[in-house]
Amino acid sequence: MLTILLLIPIVTAAALFLGKGNRSWAKASALLQLGITLLVWFGYDQSKAGYQFVSQTDALFPGLDLRYSVGVDGLSLLMLLLTALVTVAAVWFSPNMPANNRAGLFDGSVLLISAGATGAFVAKDLFFFYAFHELALIPTFLLIGLWGSGERQAVAWKITIYLGVGSIILLTGLVDLFLAIPAASRSFDLQKLQEVAASHLIPAAAQVRPWLLLTVGFGILVSLFPFHSWAAPAYACAPTPVAMLHSGVLKKFGLYGMVRLAVPFLPQAFHQPVWGTWTAQDLLLAALLGNIIYVGLVTIAQRKLDYVIGYSSVMHMGYVFLGIASLNIIGLSGACLLMFSHGLSVAALFAITGAIREREGSLNFERLGGAAKSVPFLSVAFAMAAFASIGLPGFSNFASETMVFFGGFKDGATGFLKTSTVFALWGVLISAVYMLRSYKAVFLGEPTASSLKWTDLHGTARFALALLPVALLLGGFFPHYFLGFLKPTLEAALR
Amino acid sequence: METSLPWIILLSPLASAVLILLFAHRSKPLSVLLSLTAVFAAFGSTLLLFSSHSVVQTSATWIDLGPALHLTIGLKIDALTRVMLLVVTGIGALVHVYSTVYMAEDDGKARFFGSLSLFMFSMLGIVLADNLAMMFIFWELVGVSSFLLIGHWFTKPSAAKAANKAFLANRVGDFGFMSGILLVWAATGSVEFAGIQENLAKLTVNPSLLTLAGLCLFCGAVGKSAQVPLHVWLPDAMEGPTPVSALIHAATMVAAGVYMLARIFFILEPSPVALGVIAAVGAVTAVLAALMATQQDDIKRILAYSTLSQLGLMVAGIGVGAWGASMFHLFTHAFFKALLFLGSGAVIHALHHEQNIWKMGGLRRTMPKTFITFVIGTLALTGTPGLAGFFSKDAILLAAWHKSAFIFGAALFTSLLTAYYMTRLVVVAFFGEAWTPNAKHGHDCPPAMTVPLMILAVLSVISGYKFFAGSIFGEELFHSVHAAEHVSLVPILAVSVFSIGTAGAWFLYNGRSKDPVKIPLFRNKFYIDELYASLIAGTQDLLASFSSWFDHFILDGVIVRGISGLTWGVGYTLRLLQFSNLQGYAFLFGTGVVILFYMLIK
Amino acid sequence: MSPILFWAFSALMLAFGVSVILNRDPVASALSLVASFLCLAALFVGLDAFFIGVIQVLVYAGAVMVLFLFIIMLLDLKAEKRRSFNKFALLGGAAVTALFVAGLLKVISAFPAGAKPFPALGVASVDDVRQVGLAIFTRFNLPFQTVGVLVLVASIGVIVLSRRQLK
Amino acid sequence: MNPLTLNHYLLASGLLFSLGFAGVMLRRNIITIFMCLELMLNAANLSLVAFSRFHVGADGLPNYNAQVLVFFIITVAAAEVAVGLAIIVALYRARQTTHVEDIQSLKF
C-alpha cells in the first residue's frame, strides 16, 4: 500500500515530464495521495506499537542488512498526513502556467518534492530515509531557479549548496552513528535500530561526536539558528508550491530525523559537556534561543510579507527544538505535534501570500492595505493561519506549544532549560507583534485602489486551502486524538 | 441534566459563532437570530443553575500524557461562578438586544454578532474553568475576540491600530500569566485549583518562589483588567462600537482579571509581599485613571477611565485581602457601568456619532428616558447612599481602613474624583443648553435600546441590597463580602467625599460652554502613550533593524558569502601560476625539488 | 677498470655535456651529445655491464641521436641569434643547479657505504647478456610486455601526430 | 689514485643530471631542452648501473635487476623521444618556431 502511495507522485511526475497530461493530472495525483494516506490513517491500529503496513524486498547488498523497506508508525503517519494535506494545497495554489511542456516540468517537480518527502517519512530503512530527502532537493533547485522571483538564481544556488553541505555533514553523522553501534547489532532497518537504541549500547562519551554531527546536519536542514540564512530568502523567492512544501514538509525531515535517531540513540549526549562547562543541551538551547529571539527580531524588521512568513517559519523551528531538547515525553510529543501543526499553518500562510502576489505583484507593506474588503475569504483564512501560527488556543499550534512549555518546566529540568522556556514564551509575544503587524498592513486599514480590484478565492481552491485550518482546529480541540498516535513511538524513543 | 447545563452554557455561543462563520455570514437577520438564541440559552441555563446551590463538576480531557501531564477542559460551578455567570450572561443578553438596533445599518452586522458570540464563548470559558490551563486558553480567546470587536470597523486605521494594541497588551499580560502557571505547575505538579490547594505546601515552603508565581499570575490580571503598566489599550479600545465597550470594556472582560485573582486568592494569601504589590498597583491605577478622566472630553473615554479606576479599586480591594468585597463591587459595577455605556451609546446614536460632551448639552429635555437612567447610573457609580455603588465601595473602604492607610486614602481620593468627573459629564452633557445645532434634535432611541437601559437602572439600584445580592451570592460568599467589622467613620467619610465632589463639579461646570479647567498633564494621559511609543516600540524597532542588519551583513554576508568569496579568491590566485613560460615552470619545478631535497636530508 | 680511465671518460662526458648546453648551433650540440653518450657507454663497460654498454651505443647514440639530427635537418634550424639576455632567469637557473649540486655533495659525503671500494666479482668472466636475458624473461616478463605495447603505441602516436592535416 | 668507489660514480651521475637540468632551465630552444632531458635520463642510468655493480650477490654476480631497469629506461626514452619530436614537428608546422617564448596560448 505504501509503495503505491510512493509511486503515484513519481509516475505522474514522469508522465508530466514527458509532456503528457496537465495540471489536472497533478491535482488527481495529489488527491489520490491524500486518499491513500487517509486510508492508512484510519487503518492504523494505535494499540500496536512498532511499524505497520510494512513491505520490504530482501537485502540489496550481501552482508549489509540494507533493503528497500517501507512501513509507518504513529509519528511517520502524522508526517504523511501533513505531506498529503500540504501537497493538495500546494498543487491547487501553483501559479497558472502557459500551457507548454515547461508547465509539465513545473508540476512534475512539485510532485517530485512531495514524493521525496513521502518517501523519507515512509522509509523504514536508513539508506532510503536519507536518499529520498536528497531526491527532493533537486527539483527545489530547478523550481526556484527557473520560476522563482526576485534574485532567484543566487538564492537557488545558495539553498542547494547550503543543504548539500548540510546533507554531507548529516551523512558523516549517520555513518559515525552507524559505526558507533557495536558490529553485531548493526542494521539499516529502523525498527531493529530502535531495539538496539533501547539497550543503550553506545557509551556516553562516544555519543558526543555523532550527536554534534547529527545535530549540525539536521540543524542546517532545519535552519537552526547559526545555519538559518538560506531559509527565508529561499522561501520568499520560491514559487508558492515550493515554499509551501519546503517550509511546511521538507523542513520537518530534519526534526523527524532528530526524534527518530538523535533522541533514542544519544540521550546521554545531551548532558555531556561539549564546550567548557556547556553541555550539549545548553548549546542546543542557546541555538534555539537564537532562533526564537534573534530571528524573531529580524522578522519584525521585515517589510515584505513573504520574508515575514519565511523568517517566522525559521523562528518556530526554535520551539520544536525546545521540545526535543527537554527530553521528556511531554516536550517530545509537543515537538512532534508542533511539527505537524506548524507545517499546516506555514503552508496556508505561504499559499495566501502566493495568491496575493499573483493578484498584486508586489508584497511589501507600503503597497498593500485594506484587502479584507475585497477578499473576505482570503483575509479570514489568513487570520486563521496567522493566529494559529502565533499560538492562539483552539489551534493545534497552541496545544503543542503548551506541551513544549510544560515539558520545559517539568521537574528535573536544568535551570537553563527553564529560563530558555521563559524566553520562548517571550518569543510567542514577538511572533504576535510581527504577525499582527503584517495582518494589519495587508488586510486592515484604508483599502488601496489596487486592492479593491482583487478577486476573491473561488471554486475548488477554497476547499484545498480550507483543509489546512480545519486540520489545525481538529488538532487544537482534540490533541488527545493525535497524541494517541504519537505515544507508542515516543515512549519507545525515550526508553 | 445537572452536568449537561454547564456544557450548554459554554457551547451554545460557540455553536452560534461557528454557524454564523460558515453559513450565515451573508444574511444579517439569521446571524442576529442565532446569536440571540445562543445568549438567551446560556442565560436561561444560568438561571436554572441557581435552583440548586450544589457544586457541579464535569470535565473532558484535552491533553492526556498519563501521569506526566493531564490537562482537561474542566467546568466547575460554585457560588463565585454563579455570580459571574449571571453577570456575563445577563449583561450579554441585554447588550445583544441593544446591538440589534445599534448596529442596524452596519454592513458588517453578521460579522459583529459572530464575534460577539465568540466573545461570549470565551468569557464563559474563563468563568467556568476549574483549572489554570483552561483559564489561560479562554484568556487568549477573549483577547482575540476583543481584537475582532475593537477592530470591527477595520477600514478605519485607528480602529485597526487600537485592535492590535489591545491584543499585544493582553499578550504581554498572558506571557506573565503562562509563566505563573508553569511555576505553579512545576512546584505543585497540578494545574487544577483543587490540586494546587492540596499540595500548596510544596509552593509555600519557598516564599520567594510563591511571591514570584503569585506576581506572575497577577501579570495576567494586569494585562486583562488594564492595570497601570498595561492600561494603555483600554481607552483606545473605545474605537469599537459602543455595545462592545459596554459588554467587554465595562462589565465582563476587564472583570475577568479580578475574578481570576479572587479564584487564586488562596495562592496569593500566604505571601504578604504579593498582596502588597497588588494593592499598590490597584491603588495607583485607581488614582491615575481618575485624574485622567477629569480632563477628557469624549464621553466614552471618560467612562473608560472611570472603568479603569473602578478596576483599580477592586484590585486594591483584593490586595488588602477583601476579595469578597471586590467581587461584590465587581457585581454592582458591572450593572451601572454597562448602563452608563449603553446610555452614552444611545446619546451617540441619537446625535449621529457625536462623542464630544462639549458638543452635546441640554439633552435632559430631548432625551428624558436616557437622561433618567443615566443619572441613576451616575449616582450608583459615585456612591450615593442607598444605591448599589455605596454598599460595594463601602465594603472595600472598610477593608482598606483596617489594612493600610495609604490604600484607604487612595480609595477615598478616587471616590472624590469619581463623583467630580461623573457630575461634570452629566452637567455638561445633559444640563444647560444645546451647545450645537446637532444637539438640538436628540431623541430617545427605539424601545430595543431604552428597555435594556431601564432594566439596568433597576438592577443598579437593587443590586446593592441584601435581598437581591444575597440570593445571588449565596450565604457564606455574601458573609465574606462584609467580613471586615463595621466602623461608622468610614461611611460618613464616603458620603462627605461624595457630596464635596458632586457639589464642586456642579458649581464649576453648570451653564459653562467651555472647560474652565485645563490640565494638559491629565488631558494627555500623563504622556504614557508617547513614552511607550518611544521606549518600547522604539527600542524594539531599533533592535529589530539592528538584528536584521546583523543577519543580512554579518551572519549572511561575512560567513556565507565570505566562504564563497574565499573559495573564489583562492581559485583566482592559483590561476596566476599558469604564466605560460616554460623556463618558469622548470624553474619552479627545480626549486620544488631542491626544497624537498633539503627537507629530506636535513 | 683502472681509475685513470674512469676519470678520463667521466671528465670527457661532462665536458661534452657542457658543450651540449652552451652550443648555439643545434647540430653541434647534438653531436656533442652523441660523444657524451659514447663516454657513458665506456663507463658502463668499465662497470662490467657490457650488454648495457652496447645497447647504449646502439639505441641511444645510434637511433635516438640520428632521429634528433634528422629532425634538426628536417626543420632546417639555424643557429640561434643572440636573444634578449634575461639575466634573472640565468641567475635563478644557476642558483637552483648550484643548490642541487651542494645537496648532492652533502648526501654523498654522508653516505658511508659509498666510500668502500667495489667488491671483486666472484666469477672470472661474467656472462651478463645471459643473466640480463634470464632476468627479463623470468622476473620482469610482464613489464617487458607492457614496454612492448608502449613502443607500439608510441609509434602509432608518432604517425598520427605527424600526418599532414588533409584540409 | 685511490681505488674507485661508488661515490665517484654517483658524483659523476649527479653532475651530469644537474648539467642536464641546468640546460632545461636555461636554454630557450625546444630541441636543446629535449636533448638535455636525454642527458638527465642517462645520468640516472649511470647511477643504476653503478649500484648494480656495487651489490654483488652470493653467487658473485652483480645484481642484474638494476640493469634490466636501465634496459627498460632506454626503451621508454626511445619511445618518448619519438613522440616528443613528432610533437615538436607538429608544433613547428603550426607556429613556425621552436623558440619557447613564442608558444604562449596556455596563458591565464
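The chains carry the letters A, B, C and D, assigned in the order they are written, with residues numbered from 1 in each.
What we mean here is this: a contact is a pair of C-beta atoms (placed from the backbone, for glycine too) under 8 Å apart; a residue touches a chain by one contact, two chains touch by 3 or more.
What you are looking at is a predicted structure, and each value in this text was computed from that prediction instead of being measured.
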item	value
Of A-B and B-D, whichever chain pair has more C-beta contact pairs	A-B
For chain A paired with chain B, centre-to-centre distance based on mean C-alpha positions, whole Å	36
Gap in Å, rounded to a whole number, between the CA centres of chain D and chain B	97
Rounded Å distance between chain A and chain D, as computed from the means of their C-alpha atoms	66
Between chain D and chain C, distance of the C-alpha-averaged centres to the nearest whole Å	5
Touching two or more other chains - residues of chain A	none
Sites on chain D at which at least two other chains make contact	21, 25-26, 28
Two or more partner chains touched - positions in chain B	583, 586-587, 590
Set of all touching chain pairs, with the criterion as stated earlier	A-B, B-C, B-D, C-D
For the chain B and chain C complex, residues of the former touching the latter	583, 586-587, 590-591, 593-594, 597-598, 601
Touching residues (chain side chain A, partner chain B) in the complex	158, 161-162, 226, 229-230, 294-295, 297-302, 328-330, 333, 370, 372-373, 376, 380, 387, 392-394, 398-399, 402-403, 405-406, 408-411, 413, 418, 421-422, 425-426, 428-429, 432-433, 436-437, 440, 443-447, 479-480, 483, 487
In the complex, chain D residues that touch chain C	1-12, 14-16, 18-23, 25-29, 31-32, 34-36, 38-39, 42, 45-46, 49-50, 52-54, 56, 59-62, 64-65, 67-68, 70-72, 74-83, 85-90, 92, 98-99
Residues of chain D touching chain B in the complex	21, 24-26, 28, 30, 33, 100-101, 103-108
Chain D-facing residues of chain B, complex	575-576, 578-583, 586-587, 590
